[in-house]
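Next up, some structures in structure tokens.
The same chain A turns up in both complexes below, where it pairs with chain B and then with chain C.
On to the complex of A and B.
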């Protein structure tokens, strides 16, 4: 590897997104991302969605390098078209498997895709049978380590929120309603806002539901409680 | 005469430019102020460790395999509490792995496809001895960019006896009575050495025979012990029991979750 190669690989991410928080509820998945892309610690691009609708059954959210995700969107789109040629819609499990292999292959070439991906969705066959319908959340890290979960927080959120989200999920388990799940996510975002300096207070909650399909969220805003700032003596 | 020097001047200039560019490239790749160790440290690491431990015990006509189901990040953060680290490849081959989970997934996929092809070609399931050799070759194939996994292959061999094969990341293979790998390996191995290998037992003491029930309770004990002391081991024991002439049994047992 010589110096010239370094600039053609993502070995240092430039414009990045931070945490993705996702939670499974009774008939689907809710996914929360904030709407900022940072250049280092600076909030460089605002009003940027970090969620991507693949088709009516699958939604992808990312944390990590924004440019790499743009490239991935292109790859995913081509894969969707390939499936279309056989009259099929790609499902979340298939896409999760495909992206796992892709990210692992890129890692092996020492040219990683600098993203943590959260693939959320419902399988088409299961949608018709409401009884057996199980929503899907799959996570892939940039090194190709992939797993399925019921609830997830990535990025700095993994350190801050995983336990909080898990506790909430365990109270209700599979019976969590959509409103309750969204309330958990809003509360979680407030926590990242206080502790993660690149998190933003403008966010969106997308969802994949067995009946409604993918519904991308509207831009929302929270302020949070900053009254403690008055008593903080460490700054001017 | 003058035109001749002009050409050499241009040639010299382009040559100088090329040398300058080369020098810039070299200095960017190996800056003088950085020691080789510093350069090494900055380089991207293609591996990550997800923790967890696995263990296998073989007996006269059985083999049992267990692993915990926790997956961690940096040993302090739990990614998931129900990761699968044991793969039942066919009725008498069980693969269990610890280490870098991306490689674990890849290794599983490679072996599954090779076993599928074997079934297609020979109309029968592969035996555990053959699969053990295959896995060793597959690991060594990646000698200079290894699968970072501590693999254990267990199952029932052609003679109906329990078999455990233990590997290092680059395919060194050994058939053992019992083996463990992963984060809690240094805790589980001495316990099994004492209880199954009887290496520290003085003569004249009773040496209980290794039955299936005893193996299962030893397995549970070793994981409970490991979960007490080792932070990346916990949540659940994924226990797989293979007995000669019987279908494979899978069990999940609770472990501590903190």
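On to the complex of A and C.
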């Protein structure tokens, strides 16, 4: 390690985003993120998206350091251009594989990319065949630990929501409509709002659908039911 | 070919604007035993004629698998060709390592082109004395890529390189309209008929001197074994032999090589 490496590496995240919640439905994936950037625990910037449209088939959402993600966005753009040279659009599985190797290599150099990534999408070949279409959700942690899932909550949501999301998903027979899936996400956001002090009530739900491709969400807002606050003995 | 004062190194131009060393390398490719590649909508086939050094030696392997969806055949200096085949194998596996899926054939063509061209521009290097045909199947369908030592890399419907390959190309040009809708079996027969046209009248294709590689939709690249090669050669032997372009030109229409 060189003399000034500690200031060039992300050893502490600075401006961060919190949970990402994603869920598979019949023909696609829905992804929810809130729209606040935290500086420590302060809500420093508002109206900032944490979802990035890679192409018509792939959407990436992230938690963790915003600056590191901007760097990743640049890397991803170059990958998209590389694939364009061969007249192809990079698919979610290929991008997930690539970013896994990238994040793992960076952590091995003791210089991690401080993000938890959720890669959502559909493969081009499966797009027009709804019977066999398998929407993709892949997760990558800042250490390069990667896996594929049907539903996921990252950040503090990983502690609060995974069981709740899975219960809902199973209750619907693992075959939700888009409306049902979005309802689960909205309920989940409400739960993080109560328990995660850096979560925000302004959010967006993006989706990747087998027919429509990537559709970025519009800004939404919930208020929640704060009467439960009275039951918290620390609430003044 | 005659020696002249401008062929000492690849980087030296002749006043006519030619690179003699590169052209010599192309000659090396033209002296290698022939290979033919053709494709249909769904499949790509490469066939090659193998030579044996003498009666006691085995035939030199000319067709290599480079990944489950692609293979190459070689004409020219086989030792140079093996280097390129291995290079393509590493390109395939490194793409798989990065993206967990098969490499696009266009990417292979681009990598090959860059590697070949570098050897025509730097002092002290020597062009590969070999041409290769890449047969592959990817998201965009079937591909036949032809390369030569001057770094000319092109995608073809059907092509042939190596000794007397003009005769094979003549056959391919006559039948090119049939390739697109051909079944894999028909495609192999077409390729073998083209390859047979490169042989002098006293020689013929047999299971020892013929290699067949095929790849296509839902079928990974396979290099056919001797017994399977013999089956396709039986098909070919039912078609009357022409002596390539010369005989066909002498009897226009009468000696159409095949109807399928």
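General observations
Basically, the second predicted complex is superposed on the first by the 225 of 236 C-alpha atoms of A that agree within 3 Å, B and C clash if a C-alpha of one lies under 4 Å from a C-alpha of the other, contacts with A are read in each partner's own complex, and residues count from 1 in each chain.
The working rule: contacts are C-beta pairs under 8 Å (C-beta built on N, C-alpha and C of every residue); 3 or more make two chains touch, one makes a residue touch a chain.
Note that the structure is predicted; figures quoted are calculated from it, not measured.
In the superposition on chain A, A:125 makes contact with chain C only, not with chain B.
When both complexes are overlaid on chain A, the residue A:158 reaches chain B alone and has no touch with chain C.
Once the two structures are superposed, chain B and chain C can be ranked by residues of chain A touched, with B on top. Legend: residue contacts after superposition of the two complexes on their common chain; A:98 is shown touching chain C, with no touch to chain B. By the touch criterion defined above, A:86 lies against chain C but remains apart from chain B after alignment on the C-alpha atoms of chain A. Residues of chain A that touch chain B in their complex: 2-4, 6, 11, 100, 104, 107-108, 110, 112, 139, 141, 143-149, 158-159, 162.
Residue ranges of chain B in contact with chain A, taken from their complex: 25-26, 28-29, 43-44, 46-48, 50, 71, 73, 77-80, 83, 100-102, 105-106, 145. Partner chain C is touched in their complex by these residues of chain A: 85-88, 90-91, 93-95, 97-98, 101, 124-125. Chain C makes touch with chain A in their complex at residues 97-101, 104, 106-107, 110, 139-140.
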